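Each of the next two complexes has chain A plus one other chain: chain B in the first, chain C in the second.
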Partner chain A sequence: MTGTSPARGGGADRRLFIGANVANSGGTLPYAWTRSATAATDPHDPVLWRRIAETLERGVFHAFFLGDIPHPVGRPDTTLSKLEPTTLLARLAAQTSGLGFATTISSSLNEPFEIARKIHTLQRLSGGRFAVNIVTTAQREPYQNFGIDEVPARPERYARAVSFVEELIDHWARIDAGAGLPLHLLQAGGSPQGVALAAERADAVYGSASTRDYSAGLRSTLRSLATGFGRREDDILFVPGVNVTIGATQAEAEQLFDRYAGGFDSETATARLSDLLGVSLAGLSQTSRIPEELLVEALEGTADQTQSIAHRRSFITLIRELDEPLSDVIRRVDLNGSGHLTFVGTAERLAELIRTWFRTGAADGFIIRPQSVPHDLEAFVDTVVPLLQESGDFHREYGEGFFAV
Partner chain B sequence: MTDQGRKPYLALSIGAEAALALLDDAALAQALDRSGLGFVVLGAERFTEDAAARVRLDPSVLAARLSATLPTTAIIVAAALQRDHPYNLARRVATDDHVTGGRSGLLLGVTDRGAPAVERAWGGAGLGDGAPLDEETLRDAALAIARLWQSWPIESIVADRRTRVYAEAERILRVEHDGRYRISGPFTVPTTPQGSPVLAVRAESAVSAAHHGDGVDLVVVAEGEGLPEGIRPHLVVELRREGIDAGSLAEAVGALGGADGILLDASAIDAGALLRLLTEDVPRLFAAGALSRSGAGPTLRSRLGLPAPAPLLADAAPAFGA
Partner chain C sequence: MTRDATARVWLALTDAQATRLASSPADAAAIDARGLGAIVIGLDAVTGARGQVIDAHATLAHLSAHVERTALLAAAVPLLDHPYNIARRAGSLDLLASQRTGVVIGFDDATVPDGSDAWSGGGLGEAVPFSTASVADAIEVIHELWRAWPFSAVIADRERRIFVDLDKVRSIDHRGVYAVRGPLGAPASPDGLPVLGVYARDAEELVIALSSSAETILVTEDLYRRASDRRGGEVVVHLVLHGGDALRRAGRAIEDGARRLVVTLPDIAVPALADALAPIVALLDELLDEAGTGEEETA
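After this line comes the complex of A and B, so read on.
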């Protein structure tokens, strides 16, 4: 929270904040699990998770982030099973000493006192190495595991999130009883309500931005909003996600991506883009451009509660900028339907991209989303991190506090 | 209740201060790991009026951390319906069971006596109606959790690289639990190294203890409540004493014929007293033949001689369509 983090170096001392989001132990590509020669039950094997955590610590990552949806949402032909992140990360904290952790909690499906005590226990046992990412949960299925038939409307979910955070902070003060353990909040996503909540309370926003200009705009808005709550601009970090496939050469990276992406099917990809935009593209010819009025409709559409507004906005910006026919646009849709930037290439190119976004003020760092685990994480740590350290953009050892860069 | 000829196993309820001491004190941790206890319970203070104020740490987080320090000891975490939902609890404990290789369990009770009194169980952030906070809801929550733990057989994960089939989805089952709780499922975590984590419920009385059965492995009843008869799960009697010594404990245990296990409340003692208990009193109790050392199996279920859970989803529909 504000006031509990050590001062961040602004200006010339600015350094990158780098985290990793391991979507599941296979990676963000549907068939990444076929790359590994190890056992079928790896996603539930503590040995694999320990290896991931140790790799991140070797790379001096600030944070190991795990998302959470309390339901197996996804495709059953891919690795959709998941351990509960808070419990898993508590274990991994015991096996590391500098790495930070960000766990995800649904404000709709948890009780704030229970969570305040959990996070406080995590902070006490890990020496303050945890942050919590509060999400509202937008999918229908998880609610049906809690006896709730329909997803509450977005305003209701966010009202609940705001009161959840307020209660969390109240409980924290009592539980902490002057011990001084910090409550770090990280906000994933970027709906207007989420951004407002983040600007007031969060230490960092993990956002979606497919282009550098769009990212710069989001960061600037967030920093300006934070000052409206009496905070300094540097009190909040903007760190977009990037899906990463790294190869020794560009051709190798592209080959790896194609192999684990599971082939391309234009009908499915068009349907996924329609879902992402919240408008139907089924009647459009693959050779035509998406009409501007459809993009405007998508931008204004808030009726569909199950899609992330941030992802949608990010992708619309990309579509306008590229000005490509539908057949090309659908190839750019993240296979998970997210609006995150996707990178396929060499370590040198990725380091350059990260450096450019960072130095031009488009981002304070990145959340790395390995498309294949552990391969792309290990490649990032062994080949990208040294380049960022040599250029002075990334730290070489852990500092004091979760967000110390 | 099973196996009348066997002496009860011994389990220990420990408090937060002793648990924290275990993280830093290798001799204490080693003494616990070698003690022959059936299991340790974290957080059970919440079930008793005078002890609930001592609850300071979250038991599931503490267990995940502590199990990294204790390579052998099995840990059961306590939780009350007042504060949490069966779906959340089931996921945390199943996750713990995967990372500990099958040494985890849940002790579920109705009320957290350290929290402000409420009438309804926690039901989802005011979005759903909480169930009445009573022992029927406890029975229903236990059944729901046991069903969730069976929803995703780990054998369904075939990870066939040739056909690119990760899981045989038709073997993952919906839960469609419809009782005091409504839970659709499926679960997010596949079955664990011991099939399902060990599920214990804390009954309020000997009479109510007899109502617990489906999906439940252990029923815990406080000593003063009398002994229930004819229950199917293991019966574990909780003993609370001001001072703990081997002589008086042996006597108390002798008077409890029929219990499968004894849960000794050691939640108020500090690290020094815990070390003495583990290295002096517990060996004496075993030597005197009042109690038996737990079995040597790799999982908690095997050590306690618990059977595999009875199938609860025999008629359930597949969670994913063809």
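After this line comes the complex of A and C, so read on.
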């Protein structure tokens, strides 16, 4: 879009784009924050955040991504302090030199001028290492901090997001005044409105896809939509998120996952899967397979406004492919309900998964979501990154430009 | 010369100086060593001395990686910028930084398009028209939000799996020009609350500043007497010092009773700024010592 992507291209020189989304300083598992006995996992510890940024830079990550919900979550056990992401990333940009940063801004709860001024300032200070992810906030509490009692309907929120991006681009041009600093847009989420906006404007989409086929379909749709806006297919990257727990052995990884998932409750997990599929699995034995007729019923059912039909289909594909008992299937439902792929295992298996998705055109890279911070990030950098570099799939040093792969 | 004494002199950077300093760790460290009371960024937009369009808070957050001792303040104008967002950004920086940080609320932002609302509502909620009343209310919202989640609520008990004592975290349910529920997404710093300052340029703004919850009032030279009558040691006089008459004007302000000064040296580029500051700070300190009653000052 307004940015440049100098080193990007299809074909043989294609390389992975890898970013990290640090959900909070603990990780994506609810009790990961209890893993370290020291203050090092406190969410406001500047030393920990610097260590995370330096770890990512050591791993030649393209981007450090942070999400944002401007309100605390009201649970005493998992309510971790959430720093305002742009402030944190602005400081970390001064402590790094090659790592890119992607901050999240709610189009519902910010003004385009203010954001244009802010991101432009950070582009200048960081030497072009900032991107912005525009989201439409869907939770009620944040709106109440801005004088809005109820969550506005989805069409209104998306209309605001579209006008927000247009105004952002206009303000950017005026503020930039010919200086030539690019506005990099990243788009997270998979709603039709979001995908359309991304196809026209975004440099990359951070999506959620639990199977390779589903991911390939999303990527292909996005690339094709982009050409409809006069862009090249390679002008937009599709990078799904993956929750990762890495162990020296498969057994160790599973043990870590179970410990910080908060005591695995198969009843809750089964209910969550029932919601996702739109059929009740309550009567099934945990040791049996989900009957094919239930899967067919799920495929034919309709999703309510908060459910994604496409995501349900992708998950059913996965269930059929794996042919596992219910007890294994429910573990694959992401604990956060975010729909991201969840990986629990060794570095070799993770590298193979990433390589396979990448080489078969299912993804242009991944956003790594460490389930325990900093442990899983450090394990990824020390054990997975070298494997991807040795096979030539991932770069060894930073190139020119944020999205240069 | 004691640290408390030198803390009577603050430095307000022009936008150009701030941008340069934030990208220059060595220069930032040199200025950090000058024993200033505070570094202030973003006053150009408030006073109308506009140059570049910069985001003061983002610049300050970047600079905070290289300045460890001197207090850091960013101008913030609640004009196309909601007080909840101003409060959370400043609160987050204060948690991360080793020194005190905070905001100086201004009544105008020369970089914002003319006729803008304080808050547009984005078509999703009601707009808040911009006025001195909206600024006054924004100051109170920020003041309340910083107090709603004290650090003592953070227990981080790993055995019992309790991170926060939610009984100590409260909503503010503010109903004024703004309606704000709160709290912020993170607690206040264990070292205390961020600095809440206000910059007044005229009599009307001064009245609001003086009756607000702000702990520090920055004023132009001509407003000093009226301000100090009410708020004494909380008042900081802003002096934009150009060449020859610089020190004479500073001397006059001190004769007038000013005991805290924030100086802008617009003609000096960043590489020379730390060196240029040394004699100025020393001289102002000498003048302040002669004038006496500087003993209560701490920044």
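Here are some notes:
Quick note on the criterion: the second predicted complex is superposed on the first by the 334 of 405 C-alpha atoms of A that agree within 3 Å, B and C clash if a C-alpha of one lies under 4 Å from a C-alpha of the other, contacts with A are read in each partner's own complex, and residues count from 1 in each chain.
Please note the rule applied: a contact is a pair of C-beta atoms (placed from the backbone, for glycine too) under 8 Å apart; a residue touches a chain by one contact, two chains touch by 3 or more.
Given the structure is predicted, the values throughout are model-derived calculations rather than measurements.
Aligning the two structures on chain A places chain B and chain C in clashing positions. Touch criterion met: A:Gln144 reaches chain B and chain C at once.
When the two structures are aligned on the shared chain, A:Ser288 is found in touch with neither chain B nor chain C.
Of the two partner chains placed by superposition, only chain C is touched by A:Ala159; chain B is not.
By the touch criterion defined above, A:Ser266 lies against neither chain B nor chain C after alignment on the C-alpha atoms of chain A. With both structures placed on the common chain, the touch criterion links A:Arg117 to chain B and to chain C. Within chain A, the residues touching chain B in one complex and chain C in the other are 31, 33-34, 39, 44, 46, 49, 70-72, 76-84, 86-88, 90-91, 93-95, 107-111, 113-114, 117-118, 120-122, 124-125, 141, 143-148, 152, 160, 164, 262. Of all residues in chain A, those touching chain B in their complex are 31, 33-34, 39-41, 44-46, 49, 70-72, 76-84, 86-88, 90-91, 93-95, 107-111, 113-114, 117-118, 120-122, 124-125, 141, 143-148, 152, 160, 164, 262.
The touching residues of chain C, when paired with chain A in their complex, are 19, 22-23, 25, 53-55, 57-59, 61-66, 80-82, 84-85, 88-89, 91-93, 95-98, 111-113, 116, 119-126, 128, 149, 154, 156, 158, 161-166, 169, 178-187, 189. Touching chain A in their complex are the following residues of chain B: 23, 57-58, 60-62, 64-65, 67-69, 83-85, 87-88, 91-92, 94-96, 98-99, 101, 115, 122-129, 152, 154, 157-159, 161, 164-167, 169, 172, 181-190, 319-320. Those residues of chain A lying in contact with chain C across their complex are 31, 33-34, 37, 39, 42-44, 46, 49, 69-72, 74-84, 86-88, 90-95, 107-111, 113-114, 117-118, 120-122, 124-126, 141, 143-148, 152, 156-157, 159-160, 163-164, 175, 262.
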